[in-house]
Structure formats: structure tokens, C-alpha cells
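Below are two complexes that have chain A in common, paired first with chain B and then with chain C.
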Partner chain A sequence: MPDGQLGAGLPEGAPEVPDAVDRPRVGTDEWVAQHEERREVGRGLTGLVARGWERIPPPGRLALLLGPFAIFPFITNEGNLYRYGLITLIYAVLALGLNIVVGFAGLLDLGYIAFFGFGAYLYGIMASGHSGHHLQAEIAVPIVVVSTALLGLLLGLVSWRLLGDYLAIVTLFFLQAFVIFVNNANGGLNDFSYPFVGKVDLTGGANGLDRIDPLNFFGFKITTTKGYYFYTLIALAVLMTMLFFVNLSRTGRAWRALREDPLAAAAMSTPVNRLKLLAFMFGAAIAGFTGTIFGAVQSGAFPGDYDVGLLITIYAIVILGGLGSIGGVVIGALIVNGAPELLRSSANARFLFYGVLVLALLIGMKPWYRAVVALVGTTAFGFAIHAIVGAVWSRGTAGHIQGGGAFGRALDHWVLLPTHADRIAGWAYFALIVAALVLTLVRGWWRVVVMIPTLYLAAFVWENKLVEQVSGATRLILLGALLVVIMNVRPSGIFGTARVEVV
Partner chain B sequence: MDWSLFFGELVSGLTLGSIYALIALGYTMVYGILKLLNFAHGDVYMIGAFVAFFVLQWLGGPLSPAVTGWFAVAIMFAVAMLACGGLGVAIERFAYRPLRSAPRIAPLISALGVSIFLQNSALLLWGPQFRDYDTFDLIGVKTYNIGQNFFISNVQILTIAASVALMVVLVLVVSRTRTGKAMRATSFDREAAEMMGISVDRVISFTFFIGSALAAAGGVMFGIVFGQIFSLMGFTAGLKGFTAAVVGGIGSIPGAMLGGFLIGLTEAFATGYLPGGSTYANLYVFALLITIFLIRPTGLLGSPVIRKV
Partner chain C sequence: MAALLELRDVTKDFGGLRVVDQLGLHVDEGEIVSVIGPNGAGKTTVFNLITGIFHPDSGEIVFEGRRISGLAPHKITQRGVARTFQTLRLFLNMTVLENVMAAEYGNTKATVFEAMLQLPRARREEKRIRAIAEEKLAFFGQRLAGYRFDQPAYSLSYANRRRLEIARAMATNARLLLLDEPAAGMNPNETLEVTELIGRLRDDAGYTILVIEHDMHVVEGISDRVVALDHGVKIAEGSFGEVATHPLVIEAYLGVRAAKKAV
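The block that comes next holds the complex of A and B.
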């Protein structure tokens, strides 16, 4: 954590004036109440935006965040609405639930996706052609929400005696157990034989639970993507409002106290375990609720959807948006879901990749002329390398970028594209990681010197290797690196509040 | 009762258990010193298996190795352990050290990021397909029949013996050497150890080196015993090793070994005897974890935690 954030803005001798309030109220404390005012607001453009954002009243903020979403369905087609809109919203709702558990209460719940899957499967069991039952959604959805909350309670009860860290392993194993279970519980040869009923096809096994009914509230069937989109949007708005008030409430403050220091919170007679369970249940219920939407949208529940990849995606959203920030999850979901969706076409992916690289360089490198030197240097370096390699080793420049227009043709003359580049690209990937790590160790102009080959290596690896698996491994590599980098550079995320540390 | 089956499950449980125990040792040592669950540990184990595989390729492949089979295996172990030891040190240096004074959850999330990063890098570079160690060709697997249909193979004996040997070495290092003493001191109280002139950073690096090297040894053993490795093998194995460390009492070295063998035996016997065992063995391991947590939250050999304010 940068030095600037430690004890930032703490007024001199703050603890000496605890009795500034005339009438002490339970659960309120002057020092705690001023928490928001002690936050560090950065200088420059970001600080200006942050202060402006603070000045908007909460309903206005909600409208600003979700307003563009309400317009989106009218300016796009069905496919894009599903991929960019609906999935982003579903991720946002999921991240909101996870934010309660991780961001408010500080519990590392790695089984969160299991609750999401549980919701989808349970809804599918109650209302699908696969199971033969067709419950109305107004009955099924509350049942799912309550059962998921109870499941969360059960898992939490097992874990509450444990130290905080152990929760991570119990929940991670729970997710794994859930995936194994739904993959096999098809009443087949190797399945359990249940008491009284014998073998039952619960989940359809690896083929998934298909033909799930659309959500059907009192006879109003939601059948279109647009319908689900607005249903999810309303749910998101309601949940965000609810969480806003929960966050202000006594429970919300207690959760934050729990997150900052469970021991101190317990010493202040905060019922630590009950609050943990409550947070856990809240999060699980939201995940279960989202599961019903996802199951109905997909009209099926498939085991592959509820794995660690999704867990990491949701974590990345919460971390990027800022732990404990309610509005942040929307932005986080937009970035984390939107970016890889754009990456689907390799031409878009290319623009995004170089764009983010240049932007990160211009923002991250100070003073600005160093960034410019690095950029110009990398460009020159690339052409030089290309010319040299082209002269000695003709295979090294034999490849061509597919598509990409003028930009792609320009890149052809800059980045090395050997034929059969697999092995070379593998070593280059390794070298890139080493170079990036070295970059964190050097300072000043040396950083610029190391930056130039690193950037070129990044471009080389991107064009020769990463671009092949953009929606698979590459996406998760970038998300994993993002988690590490954010934790090291800005632990509070984009929208998170910098912590007030008292030493 | 079919004692032949019983013996078979016992041996395969011990073999699995010794691999889990090696992984668990890394978790438990790191936790003892940093109070950090190192999620990336399972992926270090996977990378160890792959490094050994590439060493084997470099030596000429399992069918025609440049040196005799057993010597090739020794080289594979050595290179994989050294490489992964270095990897572990690098992970600690770049992903965890900057976060040492951060709130508890920050290094955990960083660890999660490293794990996903390593796993998918492996997927990107080496693909999802299985790679063959071809143990049969490499060292000639022999199966011995001791008593009446009690089968045990030389590979299984090797695995159990080698891991026990590594554990003995580890215990000796921790209990008898100066570095071991420094490790124990750091684990007991990091600040006090630092005041006594112990270079805490170096001790932590050393711990990561040892832990990751042991995990790599476990990965190579997995490859030799089962003949095949794949880039997603780290997740489940890491989870089991993790469970083993917690079941045995995290922070306790004998606990990790006990936990590892317990998990391995549970898995093997569940596969052999319990309903739905072949598919749901992991569910039974999970049930064991929960049960032990309910009875003894600090694990079998863990000491009750005294928290200082």
C-alpha cells in the first residue's frame, strides 16, 4: 500500500475529542461517523471526478449508473443485448451478492458460485421439462431464495467455529463437491441410491438439466431477452437500493467493523459470528436468486457453467469495482464482461490490447515525457528488430496478420511473425513474465530502458500466442494478473474507499 | 472380507497420501510463517510435473533415455524441485511480499490471482491434453505379490519411501539446523524474530523454496505413479493438499503428513467400499473435512490458537 494512504487525513489528535456529540447514541461514534470525511481524495482530474460524484445525491447516482442500461435495448439487436447487456447485468447482481460477503463482512467465500448453480438447478428441478414439474415462478423463486439462504446458513454454521481463513477452504471444496455432484447425479450406475426413493435423475449429469421453464409470474411469462434484461435490471436497482440502506444501517456498520478487525469488533460486543452468518446467507440468497434468472435465460443448467472460471470473473468484478463499493460492481461488470466480449473478434481485440497498453503507459508512467520516450523507443525498437531479423532469418518475418486493415498491415512491418511460432512464442511468454517482474524492481530511467523490450515482447507474445485463445486461457490469464496487480497497486479498487489505517 | 482388495486400497491410499502429504507440507509451512493460504501451491505442483516431463523429453524421451531409467528419474526430480523452488521464491517476492502489511484478505486474493495465472499459462503453453511419462518403459514397473494376492508395485514402494525420506529430511532441517531454528522463531513471532537479528525475508524465501520443491517432488511422483499429467491437475491436488494441511492442523509439520495420509486413505477406501465411491470419493473427503472441523476446529495436531490483541 502506498505511504500516502496510511492514516491519511487523520486530524491531529483526533482520539482526544471523543465527546463532541451531545447525546451519545448506541452504535454511533464521532470518530466512526467522520469516517467518510477522512477519506483521501486524490488531486487532479480523478479527484475532481470523485468529488463531483460525491456531490450527486444517491438516487441521482443510481440513475446515472443504470440509466444507460435502460436505453441500451432500444439501440441494439437481440444477440448483442444478450451478450453485452444481460450477461453484464447478471454478473453485476452476482457481484453485488459477493460484495456483501467479501466487501462488507470480509469473508473469503470461494464457494459463491455453487450457490448460483444451486439456484439454477433447484429452479430447474421445480420447473422444467426435464424433471416434469412446472411450478409457477412466484412460488419457485421464493423457495429457491429461501433454500439457498438455508444452504448458506448450513455451510456457515459448519464454518463459524473456524478461523476466518479456513472458511476459504471449506467453501472452495464445497464448490468442487457441488460440481462433482451435479456432474454425476443423473441416477446412473455410479450414482447414490437415496433412502426411500432409490436412484433419481436429479441434475441430468454431464449433459445438464435441460428444458427449464421460462420465468412465469402469475401467468406473465418472460420469453424475450429484452424481458429478462429488464427483469434483471429492476432486480439490480432494487438490490442496490437495499444494500445502500443496509450499508448505512447498524448491521452495515457492524459488518465493516468485522471486516476491519474481527477481534476489536468482538471486544466491542459485536455479535461477530451471527453477523458473519447473516452476511453469508445474504450473499447466498442473492446468488440463488440470480441462478433462477440464469437458468431460465439459458433454459438449462449445465455443470460447466458453475466452475472456478466464473468465480474468478466475479471476484475480478468485485475487486475492480472496489471491495464494499455498491456502484463499483456495475462498472466492474461492464469492464470485466464487456472487454472479453469485445475481444471475441481478433481485430477488436488487437485495438483493445494496444489501446490499453498505451493508455496504461501514459497514466502509469510519470513524468509524462518518460512515457513518450518509452512509446517512441518501442516503435523504433520494433522496426529495427524487424529489419535486422528480416535480413538474417527470413522465416522470422514470414507470417502475416489476418485482417486488421491498415493498422494490421502496419503491424506486419513492426512485430515479428515467424511461421510455426509456437515454441518461440512459448519462450517469449516466459521472457515477458520475467521482464515484467524486473520492471517492478527498477526505478527512474532504467524503467524506461526495460520498458521498451518488455512492450515489444508483449506485442510479440500477443500476436503469436495470446490472440489464439482470447476467450479461453488468455482471458483468465489477464484476470489473474489483474487480481495480483490491483491488490499490489490499488487494493481499494477503482471505486473503493481507501482504508483509514490506525496504527 | 476380501483382504486382497483391502490391501490394494491400503497401498494405493498410502501412495496417494504421500503425494498429498508432500503438497500439504508446503501449505502448512507457509501458513505457519505468513498466516497465508497460498492458493498457488497446487499450480506449483502441476508445473513441477511438467518441468520433469520436459526434462525427460530433453533426455531423449522415455523410450530411449540418454541415461539409465532410474538416473533419469533422479535428474527429473532434481531439476523439477530446483525450478519450482525458484518459482515459489519468485511468487513470494512479487505477489505476496508487497502485501505483507496489507489487510488479511489482500494477499489471499493475490494468491488466487497467481493460481489462475499459472494454471491458464500452462493451459496456453501446453494445452489441455494429457502428457505421458510412460513409466512402464522408463523404469520397468514390477508388481510383487507378498502373501496371498497382496500386490504392491516397485513404483508404489518408491513413492512412499521417497516421500517419507523427504519428510525426514525436512523434519531434520527444521529441528536441527540454524535455518530451521530461524524458521521456527519466525513462525512463533515474526517481529520478535526480526528484533533478534533474524533476516525474516530470507527465512520466508527459504520456506517458499522448500515448500515449492516438495510440491514439485509430489508432482513428479504423481506423473510416475499414474503415468500421465495434465495442466489442470493442480487444482484438485492443491485442494486435497490444502485439506490435508487443515485436517492435520495447519502450521504443524507432523500434522500435514498425518493429514495427507488420512486424506489419501479416505479417498482410496471410499473408492473401494462406499456407495457411489468411484465417482464421489471427493465428496467423502469433503465430509471428512467437515467432520474434523466440527470435532476439532484446529485440526488433529493443531494447537489451540492464542490471539494477541
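The block that comes next holds the complex of A and C.
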């Protein structure tokens, strides 16, 4: 209707079409429009934090995330710096690369770790006592990065038609093939005979490629943990900045469009295949680069390091941090690598245990006063039980908390600690599992009522049974519980934004 | 005037089923042409053939005098043909503005390295396409403007999603817009608005438009020319009046017996 007359097509006698656009009325989407406005405002504590975080300018966010890392080496010892610091950073860089492939472009790449291993091995071949070559790092590292990118391109080329599960299978096969290759490419009987050079010991087979040179840039050798730590930290900061810009650029947008709907992306002038290959190449290049660091740090490359276990760890980091979030990988790496290390000591583990319980209670129970009632109730319940049992059965309170501190001493008066508690604790463990199951069946205030003895039982089992095995199985149970709680609180990752599949 | 888009004897089979049969169709510069036909007539397939999602088994498709059949979808879009989808295919988890800016990939050249280092060309292009995106969204008045730029597309109402798809198609720098049922699922008020909008797309924004539509009020309101398809065959072509009263069209929609009664 070129003349723009709105009411022209209406039948006789129909109500006149209002001309004001800013007034809510039936039949237009003004009501929905207001609804939209309300919907995106975050509520509660998480919303507040999220909005505050959004308000910080990007350089400030980077400084907040990485600042603590810069201070860390000066307040800790060598062993902790390696375990908590360097490994976390290496995982974070590695996760950053995976985040491009999985988070930005949405390609489920399960072969990612192969690129990491490829980087370490290739660096080892170019610079190690094992191979006999000693290339400078300023030459070797760029060669590794470019070669890994090309390997990524190769994997992309054979699998660009595939999506989702199918891509996952092919890339997983690629990882397995890589592991088998490095396990066997030691110039032994079953190894290939390469053109021109014949049989060569490339990877050292199952024994690994040892004596890899430290990174040596223009004669500056990085030899200390601290040196590698800062090298990795700077690399992480630079890569995060670069990826931040890429994410905002046409390429980043095209990757996200591709993740959302490849067909629509193609119809909107995006060369889908080229962008997929680009994502593969970038992810691979970052993994290869990280491989050179890891190889040099370990001064060796061993086939067992580059398998599905590490793949799952890195995926956990990316998912926990939030798919597609650049800052998230740092937090994800910190939790996934830091938490199990922290849990090796029983004092740390105790804080984490009670912390997770209280946090889960406060977040999971709604409305909030029920959680408070449950907490206060459990505390009172504990002291009451302790007093009663202390009066009738002296052995029941005779034990003492391992470790101590003010918190430990308070616990001494709260939780029952019988001497020789093995059998009782075993039964209590069983009862705890039953109580936890009952808890899922009851609703409302009954849940609070059941919650109180359950929580106390959990504390009892923890102090009498689990804490002894804290460096073993308990650690993993607790880590699992922690991850479950985090993912329940933030289903799309700590820094992730909620994604909608079909509306 | 030479035809902007021309389909010459285009045929497409899905297995043993002939979906589009020897179809000839032309759209002249500045025209609004409607394609009608019962469900399964092959209308959307024609769109998929034009935009390169399918390739014709025989025949050719020519745009601006150059053959486009056989090209990849993104190449065809870069040549100047953009479409909307019958089942909306927005990038739901991207913001409104990003949706439109994503469609300008073909109009920009900065490489990923330039973006990484924020070199001048990347920044300049970014600024330019942002302005274009805002301008395209402004075409829809307040509905997609202001605070809504940074809302995710999934938070939009259905009608606004349809508008956003059109804005996205406009942003590709197209000369020809293919609109696949732009009024589907809209209430009468919104349908009227769509009718007016399509007119404005041609008169104010200068697009040539090929549209699939089931709502005959819309078709009547906008079309310079109507093409009716049934079983992949063009059964009628002409003004709305001619096509709407064409016996084959009535038969296609109502069946032989009803058609006889009507005539």
C-alpha cells in the first residue's frame, strides 16, 4: 500500500486503527515490548554482580582477572607456584583456544588436545637433547604455531561437512590416532620408513621425548618456574585482548552467526566453510603454542599427557567458565585446577565442605528465610545432640578434630566424634544417602525439617569418615559436588550468558 | 527495462518428485512480484533455488545479466539477492544490532589479524557497518530502535522478529529482496503494517521485491504482478485481478468440482 493509508484494507464498520504508536493497545506488540524491557534486567545478587561487572571497562576487567595472578609469585613458594599458578595458566591458555572452536564457532572438536601434543612434540623435535637439534625458540615457536594451524586446517578440510555429533566422532578419532602415532613413532620395527630419511626416532615412543630444551629467546633462556609463569601470564593477557577484539569484529560475529544458524549465516553473505576452517586453525594454533610452553616446562613430551583425560579437563574449564566467554576460562581454569590441589589438605577441604553446604543451602532453598531457619536449626540441633550424647555416652564425644583453629575447636563442641567410629560412621554414611534421597521427595517446610538432621549427619560423616581420606577419593567426590553446585547456580557457566535454543 | 532477475526453464527434482518444473519467471527493476500457490506448490523451493541453497537440475538463473545458479549462497547474497525465511531463522542469541551487522560480512574486508590488532581499517569498517545497521533498523521506526539494539533477538516479539529479518536482509546491500511469507502469523493490524512496509521498501528504500504470501489482502495490496504456482508449474501470471479469477488458480486452491461451481 504505497500511499501509506493504514485503515484502507479494513472491512466496513471495523474499529478505527489508532494512529498513536506509543500507547499500549490490543492487537499490536506494545505490551510485549514492555515485557521485553523487563525481561533482560538481572534480578537478585547474581544480577547485581553481573551488571556491576558489565559496567567495568574491558581493560579493568582484564586487570581484575589477571592482577591476582601477577601478585601470586611473590607470596608463594616454588611448588605452589607450579601447581596452582603455572598449570592453571597453561590450562587457561589452552581453554582459550578451545573456546574459539567450541564457544565462538560452535564446532564440537574432541581432537583439540592432539594439537596441544603436536605443539609439544614438534618443539621437542626441533629443540631437545633427544633429537639432537637445538633451535632457538624465536624460530621454533613460530614454526610450531604455523604448523599446528596447518594441521588444524587439514583436520578442518576433511571434516568441514560434519556438524555436531559427527564432527565429534571424527575429531575424537583424530586424537586417538595422534596418541597411537606418538606411542609408536620411535623408529622401531613397526614404524614407518619415511621418504629420504628412512626410519627415525621422532617421538621416543611410549617412553616419551625427553630432554626438551627450555625456551630460549635470542639467548635469554627461561629456566625458572617464575620465568615460565610470567611468560605464560603475558601470553594469556595478550591472547585474551586479541580474542576480545576478534570477538567484536566481523569474524567473531560471523562465528557466532555460524553457531546459531549456519544456513541463515550463509544466506546473509557469510562464507561458512571458510570461517569454520579459520576457527579450527586459530584454535589449533593456540593449542600448539601452549604445547611449546608445556613441553619446555616439563622438559619432555609424554604420550600419556595428551589423552582424553586432559580433553575433559579443558572442556570442563570452558563449560564452567561459560561457553564463548573469554574471561570465563581464567576462572574455570582456576577452579578446575586449583580446587583439587587445595583439597589435598584437610583444613582447606573442611572449609570448602562447609562452605559449599552453606552456599548450596542459601542458593537452593527458596524463600531465603527457610535456608536461614535450616542453618540456625542445624546449629542448635548439633549443640543439643552433643550435650545429650555427652551426658549419656562419654565415648561419643571423646574424639577431637584433626587440624584445629577456632573453627575446629567450635566443631569439637558441635559434631559427635566418637573414638573408634569406623562402624558407626559407615552406618551413618548409609543413613546420609537415604536421608538425601528422602530430601528430594518432601516439599515445603517438611524439607526444612528433614534438612536439619541430614545436614548434621553430613557433618558427622565428613568429620568421622571422609576427612581421613581427603587426599584420595573424598577429594574427587567433593570436586564433583562443587562442580554440580556451580553448574546449578550458573547453568550456562560462571561468565556465560543464558542461551536460548528454540523459542 | 531489462529484467533484474530471470529464471529460465528452471527444473528441480527431489528424488522422483519434480518440485519445480520448467519454470520461467522474471522480476523487473522496481517491481513487486508476488508468488502464490497452495501448500507444496514449490514456492519456497523457488526461493531456495534463487538463493543457492539448492542448485537447479536444469535451466539457469540470471541476476543483473549474470548467471547466479551454481554459486554458493553467500556469493549470491553478495551479488545483491537477500532473503527472509518462512520459519524465522534469526541468530537468536545475538543482539538485535549484531544480527543486522552480521549480515554485512560480505560488505567488509578487514581480516581477523587486523581486528586483533585493531588496525585502522578494521575500526573504520566497524564504525561504518554499525551506522548502516542502525540506519536499517531505523527504517522500522521505534520498534527496533533505542534500547532494543542491545537486546538478544530471542527477547523480541514474533512481529518484531519478522521485522528484524527484513532489516537483516536489507543490510546485505541487496537490490532484490525475497520475502518468504512476511505476514505469516501476524494479526490483522500487523498484517496491514506489513503491507504498508513492503510498499515503503520499494518506494522509499528502492528495493525490488519478490514475495511469497498466502494472505490475499496483502497480495492484492502490494503486487504489481502475481505469479501462481501449482505442483511446480506456473499456472497463471498477471495482475492480481487476472490471476485471482483464473480458472486454473481457483482449481488449484479449491479443487475441480468447487472450481466448476465458482465459474
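Quick note on the criterion: the second predicted complex is superposed on the first by the 316 of 503 C-alpha atoms of A that agree within 3 Å, B and C clash if a C-alpha of one lies under 4 Å from a C-alpha of the other, contacts with A are read in each partner's own complex, and residues count from 1 in each chain.
Assume a contact is a pair of C-beta atoms (placed from the backbone, for glycine too) under 8 Å apart; a residue touches a chain by one contact, two chains touch by 3 or more.
Just so it is clear, the model here is predicted, and its values are computed rather than measured.
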Could you look at A:Ile319 and tell me whether it touches chain B, chain C, both or neither (first, second, both, neither)?
-> first
Figure out whether A:Gly47 sits in contact with chain B (first) or chain C (second), or with both, or with neither.
-> neither
Should A:Arg250 be classified as contacting the first partner (chain B), the second (chain C), both, or neither?
-> second
Could you tell me if A:Leu466 is touching chain B, chain C, both of them or neither one (first, second, both, neither)?
-> first
Mind working out whether A:Leu263 is in touch with chain B, chain C, both or neither, as first, second, both or neither?
-> both
State whether A:Gly304 touches chain B only (first), chain C only (second), both chains, or neither.
-> neither
Based on the superposed arrangement, let me know which partner A:Pro59 touches: chain B (first), chain C (second), both, or neither?
-> neither
For A:Ile180, decide between first (touching chain B), second (touching chain C), both and neither.
-> first
Touched partner set for A:Pro68, first chain B, second chain C, both or neither | neither
Share the list of chain A residues that count as touching for chain B in one structure and for chain C in the other.
-> 1, 260, 263-264, 267, 499
Can you list the residues on chain A that touch chain B in the complex?
-> 1, 102, 106, 108, 110, 158-159, 161-166, 168-170, 172-174, 176-177, 180-181, 184, 190-193, 260, 263-264, 267, 308, 312, 315, 319, 323, 426, 429, 433, 437, 440, 465-466, 469, 472-474, 476-477, 479-484, 487-488, 491, 499
For chain A, which residues are in contact with chain C within the complex?
-> 1-4, 6-10, 17, 21-22, 27-29, 32-33, 36-37, 39-40, 242-243, 245-246, 248-254, 256-257, 260-261, 263-272, 278, 282, 497, 499-500, 503
Where on chain C is chain A touching in the complex?
-> 51, 53, 72-74, 77-78, 82-83, 85, 89-94, 98, 101-108, 110-112, 115-118, 122, 125-126, 129, 141-143, 147-148, 151-152, 154-160, 168-169, 172, 187-190, 192-193, 195-196, 199-200, 202-203, 217, 221-222
In the complex, go through chain B and note every residue touching chain A.
-> 31, 35, 37, 90, 94-95, 98-99, 101-110, 112-121, 123-125, 235-236, 239, 242-243, 246, 250, 275-276, 278-280, 282-283, 285-286, 289-290, 293-294, 297, 305, 307, 309
